[in-house]
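Going by the order they are written in, the chains are A, B, C and D; count residues from 1 in each one.
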């Protein structure tokens, strides 16, 4: 059953999720053009301004227009998180397939290295990477991917090992198929759905890692800022309930929740269909 | 962030022979992993620009001062050589000496590890029961409004940046209400009240981060079991859903759940930089971050070792629990 | 800063005795006067010496009580070694436990401290007579040996002293009597008493090498010191200032996160917090029972344009950049008014050598555009490096980027991590930022940051005229002439140097109203990091 | 008098994930007088289990009891609320599931699970319930009734689990017991024991029961009345005699016919050149020891020859090593000793050393059609792969060939676009077969190809195999636990026991004594479609034997502990000799063939 066909028959949480995700993807794609002001322009004298006609989402700690900053910022959060989460899930799955099909010492070695990476706190890794190579979107993606690949690997490997023992894989071996074919054609398609569900959480983690990095003063280059950094840089407006803090936080929440609602129901649906 | 787990932990698949044998084998493998970690850490930290000497002198870093300091710390030796020295020291249980503080790394860590463990333990003690309850309840009511609501709530919890949660918590409970202390540097804690005052908010914040993870994993694991035919059998014996979930499904889900918990808890050791910073809590994570900024590699390595060991122990513990809980593995 | 009330220490008749001693003492009257001059005490200053500060009259200090103070940083690198002090929390810690030969007051004027009497010949050979009865925490009396050791150790690379370069000028330090120490400088320097007031030159015990705990002659004894956790100080009954300190105990911690620091203050977990963000001041002020102390100072974050490479090589580009700085916006947007506009030269208006006749450079896009065109860099793109390590630099860079865009110059902000900034980025990029703590002595400031051969000649400029003026001023003991010389130097820097100084920032401390006796010492926050011995808690 | 159970106009529907509803059971009704056993007969998908479950007021997730009326012991089941149903289940109506192995919670001791219902419904204290359970264990002829309750499911055999489940059902003395295919998952030899035990307890307690099965022969032994279900409708109902001896409904007739499979194809002597030769084969799993022997040896010293175009059947109970034999030949399990020759050439038993041609010529068809087809691929893709892989067939040519193959296995061309999950068990097995045929193999290894299928469907597959053999001249190694199916398709039969070849001969020879004692047990255990067959079983099969004390040392006859004709002093001291008859008949036994023949044709031991 194709993904498209699935979307057609989504239950309501899935539809809501789909709507939210679609909305944010649109923001990521066109937000920059819709922004009324330049992302770095100081347009108001009062900082942490409230919702107003001139600044629908208020102003930030320097008196910049929050609407514009969020429109620009969502691009980074979504772009980076998507790219990193995708990279992590794909790499994790690929490595897991190699390990699981090859088995033996390859499996052992790979698993050890992955364990090692899991046990290195991701924020620490980010700190080192940025300090070493400076902060660019590419590097942020690389870092996030590096931190979350091992997690994806763990799951993918568990799945692959289970699938490996199934009869149709035995049949393929008896047919004389090579390992690459077995991994790619026989095993992989049966891992997609759980990995999809896992991707959702991984996406959340990357978004969080990004905001965590903003706390450590890393992240995208000013004047741009990802949603997490927006929360962070305006945090001192929190006690006066400035929109500058609340809106980006809400944005992150809706984004992550939306992605998961969608993915949960898509992969759940897929499972139901195959069952 | 902690990582999800599915099915029995990988090692159990390979599990042969007696428990002690397993433990020994895993510890051996663990040591290997530790070395791998140290190598990785060394590799990536050697990419860092500048070194301890420059970091210590900061603005005052004149070439000759730096050179002198490097000589003093042995930073003038080639990197691999330093690594080997460090490894040799590690073999004899010596984690080396901090450049900046000049004291043995072991002492620095010993001063903070108990605090980190305390925070982790307290958080685990609070979050695990909550997470399991949420997971089991939503598994029992899967697809229903309660399930969806819980799912949404836990997601929202994990979606909010932890520094925001922490700051809001402080704002409300410490500043506005004055119930709790805005700091938890966990010094001079004598009475339970003080303990609660100090730990309530860091724990609260961390719960936000890890509950969702564990709850979702628990839900998945229990649902897995609820489709098993022995569950149907139990229903056909007249067992009520609660009994089915708790007495029948849950015991079978312990393996994966324990694994998910282990992964989440391992996050509580190294991943809590932000919470430690905001509550100025003197834990190991902060120690490592500072060490990175000070290029104090012995400390960085030492902390990495601690985190890795902690992670491995937790996963091992999870496997042992899974084995202990599973008669098929217990009686062989 | 005449408006700031004098700190209560002025009450001590001990101080009056000191002055008399200096006036009468063994030295010729001329030397003594010169000393006073060197210490910036004209007749007027001398008079204000006896004026009683209003709040001090209002209520008498009360002994006892415990104060927890929140600094910015805490890490395993925290140290009890004055020579290694690298940030405000270190300085504060050091002033808790150690005393120096001299001590700065509200006008950054050095007052004799462990040195009871200070004499000098041509500002080159200095003789310090040590205070009798000053004792270390371990009970041992202060001896010349301790001072000699404390001053000479900085030159030993193994000490990793932050002021090694400054200490280079101590040609010879020797005990010249039972309780006298003589310092011979390589070149004359009338500001030595000011230099010696810095926390790095605080006096430690002869031979002290292990700083696991502190043994000084300071107001407090070290009860507990856990790097990266906290410092616990208890009153030292044997402190050489009778009746000081007032507080029984001081706990010093670090809270790196500013909102957390403010929250800790407002939640009553700390009684005083340093470096309150300007944006948080309204919040602190609006909370009943809390107050803020603004200390106007010479602290600045400077735009650095390397003049030994393009584009900074081109004087017009430099001028263009200086005109691009919207000082008012920096002041209002970034520092919410807790700063004073600067004029691309390092002396703050409050400084006694400040050149008031130098016209203020204004934000002027036309001039900027004109100079940019002239420089031939119009329409080009340059990266500009900023970092949290240089306070406010990131926001300044963004503002600069905005105004630069208006004249067809593209600045690409490159934020780099705070850690390793000083060794890996500072002074290493064509366009970047630096940050300079107030130096009480103009000479120190110019010598360290603007002399052609200075280690921190950040813009890498070469100006012989400036260098000559500097040497002249250092040797010149006549106040008026000196002021003139420094005035000229300020003009040269303002015109030619590749350093743009937008504003001088204020230090902002937040504290509970119960805390009394807190006044400004513009060397830094926390009363120049020395608050602990001055303040008391109201009942 | 008024029946204990009355079902009227029962209609049960299921909602497919894709949305639309499907009718599982339509207008089914029947009555069960107290103390009678009613059998629900039908193949999978006939709705028999759904009906059975509805008697407990239970419908599987996604299913709904739409209309109808179910009265059990005066209780209108469908009008009950949740509490009412909890009270009914396990108290008034008890359930015995098909696969005991799955129906027992692996994490809990057996006793806890057996008495759980009693505790839930408070019919007895724990102590009383345990005492009662122990009594039931004894009645069900379970070993060590006192202690078995402390064990865990994985520690007892399948047959024992099945009986434990009976105890579990009877612990509350329910008015009605529902037995859902209770012996289907068991070996024939075990099945007898279980059937006996069930019958005993059901009879003694005069319990009313519903017996769900696809196996007429079994039902004939257990039930009083039969309802034949097909496609969710009741096709015929009546007394056992009526249904099996005078079936009225056409479908019922097919069912009866399939129950006793007839030999297919002419037996052919093994004169032609041997296609596959297995000599002195030893194989197993686990680490290899010093002399290269695996830790767990599954096959001992096996000789086997398959002539070109011949079909050789291998039978034995689960765990006898028959599947391993197939896997060794397929190259999935390496041989430790002995050699395999294919078409005269030595055949590497390690996959990596086989040529693609060798792979092509030997195809294996796995037992479980549900798991052997990749659920992620369409049927076309599944069949296209071997074509491309072995013969480089692609595009139009491949599509044409796939159409042929589907036609060959009598499947509509339309299934090509479907996925395995959309096919029935029988259809999947045909695809499974088609995939093997796609390689144009010389030898097909059929591993229990019919055992997962219903009798009728299984019979169809057997016909298919026979046809293919006739048309394509392929050889089969036909592995099964069911002697009747093997007899139906094979020229020769090999009987494995505990990894040893204990009996072998051609179809004819295997038709009458003498047999190896195990083969005898195996053959005699196959239920016959004859009322009273179970009671008429020869005593030698019923006899419970004193256990053999010490563990057998290698080489001795492995069947010794279960052997009714064992000779003390010989069987337990010296390895059994291979006795050979003319016509290539081989029997591994001490007892002389004449004596075996005498005993097995009804004489006393």
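Convention: contacts are C-beta pairs under 8 Å (C-beta built on N, C-alpha and C of every residue); 3 or more make two chains touch, one makes a residue touch a chain.
Model, not experiment: these values are computed from the prediction.
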| item | value |
| --- | --- |
| More contacts between chains, A-D or B-C | B-C |
| Chain nearest the global centroid, as defined over all protein CA atoms shown | B |
| Centre-of-Cα separation between chain C and chain B, whole angstrom | 42 |
| Whole-Å gap between the CA centroids of chain A and chain C | 46 |
| Centroid distance [mean C-alpha coordinates] between chain D and chain C, Å | 90 |
| Two or more partner chains touched - positions in chain A | 127, 131, 235, 238-239 |
| Residue numbers of chain B (touch at least two other chains) | 48-49, 163, 167, 171, 175, 277, 292-293 |
| Complex interface listing, chain B residues touching chain A | 1, 3-7, 10, 13, 29, 32-33, 36-37, 40-41, 44-45, 47-49, 148, 151-152, 155-156, 158-164, 167-168, 171, 175, 209, 213, 216, 263, 266-267, 269-271, 273-274, 277, 285, 288-289, 292-293, 304, 307-308, 310-312, 315 |
| Touch list for chain C against partner chain A, complex | 258-259, 262, 277, 279-280, 283, 329, 332-334, 336, 386, 388, 394-395, 397-399, 401-402, 412-420 |
| Contacting residues of chain A [partner chain B, same complex] | 13, 111-113, 115-125, 127-129, 131-133, 148, 150-151, 154-155, 157-159, 161-162, 194, 198, 201, 204-205, 207-209, 211-212, 215-216, 228, 231-232, 235, 238-239, 245, 249, 252-253, 255-257, 260-261, 264 |
| Residues of chain C that touch chain B when the two form their complex | 74-79, 84, 86, 157-158, 160-165, 212, 226-230, 253-257, 259-260, 263-264, 266-270, 417-420, 422-424, 426, 455-456 |
| In the complex, chain B residues that touch chain D | 228-230, 232-240, 243, 247-248, 251-252, 325-328, 331 |
